[in-house]
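Each of the two complexes below includes chain A, the first together with chain B, the second together with chain C.
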Partner chain A sequence: MTETKNLLEIRGLYKSFGSTKANINVDFTLRPGEIKGLIGENGSGKSTLLSQIAGIYGHDAGEMFVKGEPYDPASPLDANRAGIAMVMQELGVIEKLPIAINMYLGRLDRFTTAGVIDRKLLRKEANAVLEKWDLPLFGKNAMPSGAIEHNKIIELARALSVEPDILLLDEITQSLSHNNRDKLYNIMNKFKALGKSVIVITHDIDEMIAIADSITVLRDGEVVGDVVTAETTAEKIRYMMVGREISGDYYRADTAPDFRDEVVLKAEGMTLPGEIEDLSFELHKGEILGFCGLSDSGIHSVGKAIYGLSKLKAGTVHLAADGTRIRNGATALKRKMAYVPKDRDNEALMLHARIVDNATLPSLSIVKSFLDFLSPRKLKKLSNEMIDKLTVKTTGYAQNIDALSGGNKQKVNLGRWLAKDLDVLILDCPTRGVDVGVKAYIYQLMKDAKAQGIAMVLISDELTEVIGMADRLIVMKDGRPVRNIERGDSFTEHSVIEVMI
Partner chain B sequence: MLSALSEATNEKQPTLNEKTRTLIFGIGVIIVTVLIFFLFNILTHGVFLEWSNIKILLSQMVWPSFMAWGMTFLFACGYTDLSWGAVVVLGSFATGVFGNAYGLAAAIIAGVVVGSVLVFINFCVFAFTKIPSWIAGISLAMVYEAISVLLKTNEKTGPLVEKALAKDLQFLARLPYSLIILAVGFVIIYFIYNKTSIGFNIRSIGGNPKVATALGVNLKRTLLWVGLITGLLIGVTSYIQESYSGYTTVKTGLTSIFLIFQPLAIALLADIMQKRINVVIAVPICSFLLYAVFNCLTLMHVESGTLQEAMLALFLIVFGIVGQRKVKGVVK
Partner chain C sequence: MRKLNIKLQDIVPIIAFLIVLLFFTVQSGGRMLSPFNLNLLIDQSMVVILIGSGMLFVVAQGSIDLSVGVNLALSGVLGMWVSEKLESPYLMIAAAIVVGLLMGLLNGVIVAKLKVPSFMLTLAMLIGVRGIVHYIQFKTDVSYVSPDLYWMNEPGNKIVIFLVILAIMYYVFEFTRVGRNSQAIGENEIVAKYVGVRVDLMKIVAFGLSGMMAGCASVFSILTVGGTSQTMGSFMEMKVAMAVFLGGVLVTGGITARMYKVILGSFTITIVVNGLAIIGLPQTEVSQSVEGVLLLLILFATIVANRRNARQAAIPDDDALQADGSA
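Take a look at the complex of A and B:
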């Protein structure tokens, strides 16, 4: 039995996946009304720890207590019954089912009599939960929209519908735009006020410091620090995470636009009904063009449209050099363009394939050998280079990609383009789910690419990221570009938010 | 708060605009159907719209509708089962044998039990092994075909055709009984698919099995439910098919798969229409429309063994393409 003042207590937890030790002797406590941050490099075992608390994985050794009682959930439903609910980093919703069903899936029995669901009662209860947490109500048979951010909000509503005492949030903020993040913080504060607790994972250390009462730091599966937020700094957290000093100065130091006059790509009157309205811009050699906006601003449709993956109703995207129209991904790839989408699981990676298959797919032309045979030696070399460069935590290049943590998947997603000779690189939330060390490395790669003259489009929900890296920023609202801001004195979060709202 | 969700959730709500579009779609379908039927009538020199022909059409569409409803569940849970043709053959075979020997009750029970048990066995295989369902389905189809040949061979009656089911046992193939059984089937299926937790669990494992499992939906148990529900549907199909045809042709060399093509075309067409009409309602409508086309072709003396099958294949491809439009990674 443990002291009852802790809502959750974990002692000596171990978890392994084959030879990979995900959690080693983890001790962890959570008090009522506490917002606890959980931070660590990609693959440090954060999500695994939350998954064990949420009943998704069992543990190999150790004990857990909830409100002083032994706790060993056999399933997520077991965890729900104990008052614990989780919003997972990469799960999603079932888009073919109505939102209310999605919220209560697996727990429909309470609305069911003789197998028949009382849909009216279901909707009523779902709306009561949404109302309680100040979320918008929805209509009869409303369906998920499919957008990653909207799905994440439905997942949040689903977790809240459990009426948990402990809410586990695994990198949810990085899927949300600026306005919805504020709303999530309000929900977390309400939790705190009610004496309920939240464990939150985020790679944004500044955000973590702003929202958490205390922070537990994991490194290579072990707890290396447990600090009160008010008594620490971002630098100290970074040091604990990676075991060495990392400069906080990730971003560009210059304060003026710096790119060449040569136009590489032109977009004219791009229109995608309901998503983009009449968007035009020119992208120059060595330029980083940023896009930002609130949810439904359409920024995440821009990347796909530029790369030719969406069929435009009006307008064109073409290369300035020879006027080649970019109508599809094949043309874009052939013309030295690359696209790193935000939704890596559904739009970027072959989840059931190996790292080597994913890493080398865009570069098959350079690993071809005699008579077009793919050289196993070159495939291996290319994959291993990418793994080493981006410090992908893996058992080797032949490991299946779905066995990697979210952040490590993102490293492969981005890293596979690095071997290519590119003219245009489109990045949609490139640092989503990656740790501070890799984040710094990605920004450095962007700076190097910029110096080489590669033109980049940077779409991001992280205002600090676009402000820190872009030469120019297009702020979008309701699918339309509302302001074009150049790097300079007015390039501040405050001024950008003013335009966004 | 959270305008994002508000907009997201409202996106697919039946707004007035959408309701109007659905109404226009419905009226459009009716107008086009009427025009096509008049065209068919002209092409068949007035025979198509004769009541006797309509009666044939209505009787014809019943068994494929039941199998297509089964396929709706199959599609919803994300599995494939190519053995249903062989199951129907064995079920019909049992209907004939037991019906002729012991009467109507035995005919119905034999068909339903054989169909249900075999399909349930299939889903047990899907649930408890990691064999892809389409491979397991083909293997099981060969087993079922072999069993029906074995049973037939033991009787030593020559050709692989079971003797006709007694006429008085075939009443469910005739109007109004065929329409009554269709209506009863429709109510039950509509209810299960749209109103029960089992229906939603089935749709959830097809929608995203990872999410469904993470939220506590028991994958194996749900699959066994699909086996039970579709098994009953295929069992009923077996009896009605035997009643309608009056005999069973034992299939070999996987030719039993041909039996599922027409219901497959119906299910695919219904799948397209479900953007506007509930898929369970769409199945009998599509069944009627599809059989109207084949009926017209027959009346126009188009050969059933070649050109009609080619037409069916064409329908399947066209419906497949239209049905998968805007589905990521399938057809751009």
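Take a look at the complex of A and C:
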């Protein structure tokens, strides 16, 4: 065989699910020491391709070679043996189990004698992996539940513990905050230096250009381009992905704060032990107030707290108009507030319910008429209007949410709130896990909402997003607000990062 | 084009009902549908449906109310006692419903505010309150329905009253926020809370309705039997829960909870129990085992249908498949 040059080679790969063709005649190569980016819109077949390499699915037709040897993994463990490990897009951590067990789940045999696990040895090996790759340790072995980022790092550690030659990363950076992203980039560089390779999927084109050596672009299951990063631009890649030009003004074009004087919402001395310390701010009509910070800065607790979902130890959140305190979600909902949580699939949408059930949930108290009657006709109409307005790709209002792609799910998640008459909209990572097309669309929705005078809180791990959209920015560190920056000359990633760290 | 949107999981309970009905009608040589037995069937189904229509709110939220049987007994015994003490026959109805409601509300408050899992709480109630029922029954002795209420037990009148109550419950579950929000809580309690649903209040309301309907059913039960007894309502919670699940509602609740399923499931279980007796299997160990096996078969078919449907839903989407693969 002549493929010795390539670590991984794929020829003519086909994969379909029922009538959906996920991969069509895919050719793909990976050289030793190469960081390969894989990009495409939601549903373009990137995850499917990685899953086949990782042994999660078999392929319908085509061939794969690893180091020149034919390769056809029957399971993820099989792939691990061939030196391939993957970190999945969706979470795969059992939260109640210790970190070390999670890292070696499915591969506990060598720590086991007569059915008993040698925990000491297990912990020692797990620690060795964590230290080798400089991953943050969590103090005690107990995992805090619900923290996406922590789970993600455990998954990463699990993949690294296989000592892979090829590491597959499916949209993991989006779940990581700034400091941990840097750690991940360091790991990638170490791989490169060792002559090992990484395949990475991310929706952030700028990030991909910064980290990848070469980029393969997928569209509708087919490879439409394979380019060396140094010879391309973000525009060219975007064009390849969607097959058409995407307009340049992705973010806001203006460079000065622009909102009305009228205060809508006031927070005074908000304190939630361990998460938020003494946070005060005023939110104005038509303003986008950004929050950013490192992973332990507490920014993701802010949205929940503003919407009245956390029991504050001290401080208040109240409406400026009549001083109504927001103490629970029901009050917030009634007073025209909206909250879009970060974890879309677990905290925002009822995955097994229909679009109409999800779309109308926040609007039930508006739809109701005499005797609390919820007219099925009105509910349908409301859903259909939202589907049309946001061009949700679906077979109709009765389709289940879990049959939609990530971007379309997010459209429903946002659209159901925008269908209402809103005063305050709280967004926590609204573009997490969506492709450029939908991302641009969400920014447009935010601009429209701003023009209507809706006051918005934008919490995000993507600095460019906050800088691109916000009027004012509150940088948080260890739960405390450390700097208030207004849109203007000093509104750059560089100046914000300096404050964050 | 109007798309036919019928799911396998919705059909299985209907097919099961039809098969059960056909099987026992043929096996009994038509005696199953004789006027006398039909009357009996409807009487027995009514009580199950009434309780089920209340319990549905609880099941929709992903909880369970195992105290409905003992609640039926308590509200019946107390209702009769109050009406005899005050010599007001009609007071029995009001008192039974109020007692049922109060016990339901108590369950709801404990589940919502003290975060006690509903299964444990209502299991404890099922055992503990039965003792109270025995005590009251022992003190007050068996009581009989006042002749003033006999008119309500006329088949025609009874069915009209039943249908009116059922229509109200149907409306509340299918067309109001109480029903919708209960389904949302069952689908994902965090989602419901984060949207701004009053989750605690909804739980209290659901248990309140469940208890109230148990009280309501106790009136029907007393009218049919003619009085109270120590064992009234025994195993009723199991029968009703079975009816709800046989109808195709999943234990996790959510949008699989529908009122028509309760009605369907109630008929299915009533026919199974009644049919076995009619074809000559007396209430013995044999008939109970056969009953158990039959119910298991139907439930199995329902669950398999549900799982198939879940898999189909996942196919068109890259992301969803991903989630499937990692699970």
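In this text, the second predicted complex is superposed on the first by the 436 of 501 C-alpha atoms of A that agree within 3 Å, B and C clash if a C-alpha of one lies under 4 Å from a C-alpha of the other, contacts with A are read in each partner's own complex, and residues count from 1 in each chain.
Just so we're on the same page, a contact is a pair of C-beta atoms (placed from the backbone, for glycine too) under 8 Å apart; a residue touches a chain by one contact, two chains touch by 3 or more.
Bear in mind the structure is a predicted one, so any value in this text is a computation, not a measurement.
Trainee: So, A:K96: does it touch chain B (first), chain C (second), both, or neither?
Mentor: A:K96 contacts chain B only, not chain C.
Trainee: Looking at the overlay, what does A:H352 touch: chain B (first), chain C (second), both, or neither?
Mentor: second
Trainee: Is A:I56 contacted by the first partner chain B, the second partner chain C, both or neither?
Mentor: It touches chain B and chain C both.
Trainee: In the overlay, answer first, second, both or neither for which of chain B and chain C A:G323 touches.
Mentor: neither
Trainee: With the two complexes superposed on chain A, say which partner A:G115 touches: chain B (first), chain C (second), both, or neither.
Mentor: first
Trainee: Could you give the residue numbers on chain A that contact chain B in one complex and chain C in the other?
Mentor: 56, 88, 91-92, 328, 346
Trainee: Contact residues on chain B for chain A in the complex?
Mentor: Within the complex, chain B contacts chain A at residues 1-14, 191, 195-198, 200-201, 203-204, 206-208, 210-212, 214-217, 328, 332.
Trainee: Applying the document's contact rule, which stretches of chain C touch chain A when the two form their complex?
Mentor: 3, 5, 171, 175-178, 180-181, 183-184, 187-188, 190-198, 254-255, 310, 313-323, 325-327
Trainee: Using the touch rule from the top, collect the residues of chain A that touch chain C in their complex.
Mentor: So the residues of chain A touching chain C come out as 17-18, 20, 22, 42-48, 51, 56-57, 88-92, 170, 304, 307, 309, 328-334, 339, 341, 345-354, 357, 361-362, 364-365, 368, 371-374, 376, 395-396, 398, 400, 402-406, 433.
Trainee: Report the residues of chain A in contact with chain B in the complex, numbered from low to high.
Mentor: Result: residues 56, 75-77, 80, 88, 91-97, 99, 101, 105-109, 111-112, 115-117, 119, 134-136, 138-145, 147, 149-150, 153-154, 157-158, 177, 179-180, 183, 186, 295-296, 311, 328, 346 of chain A touch chain B.
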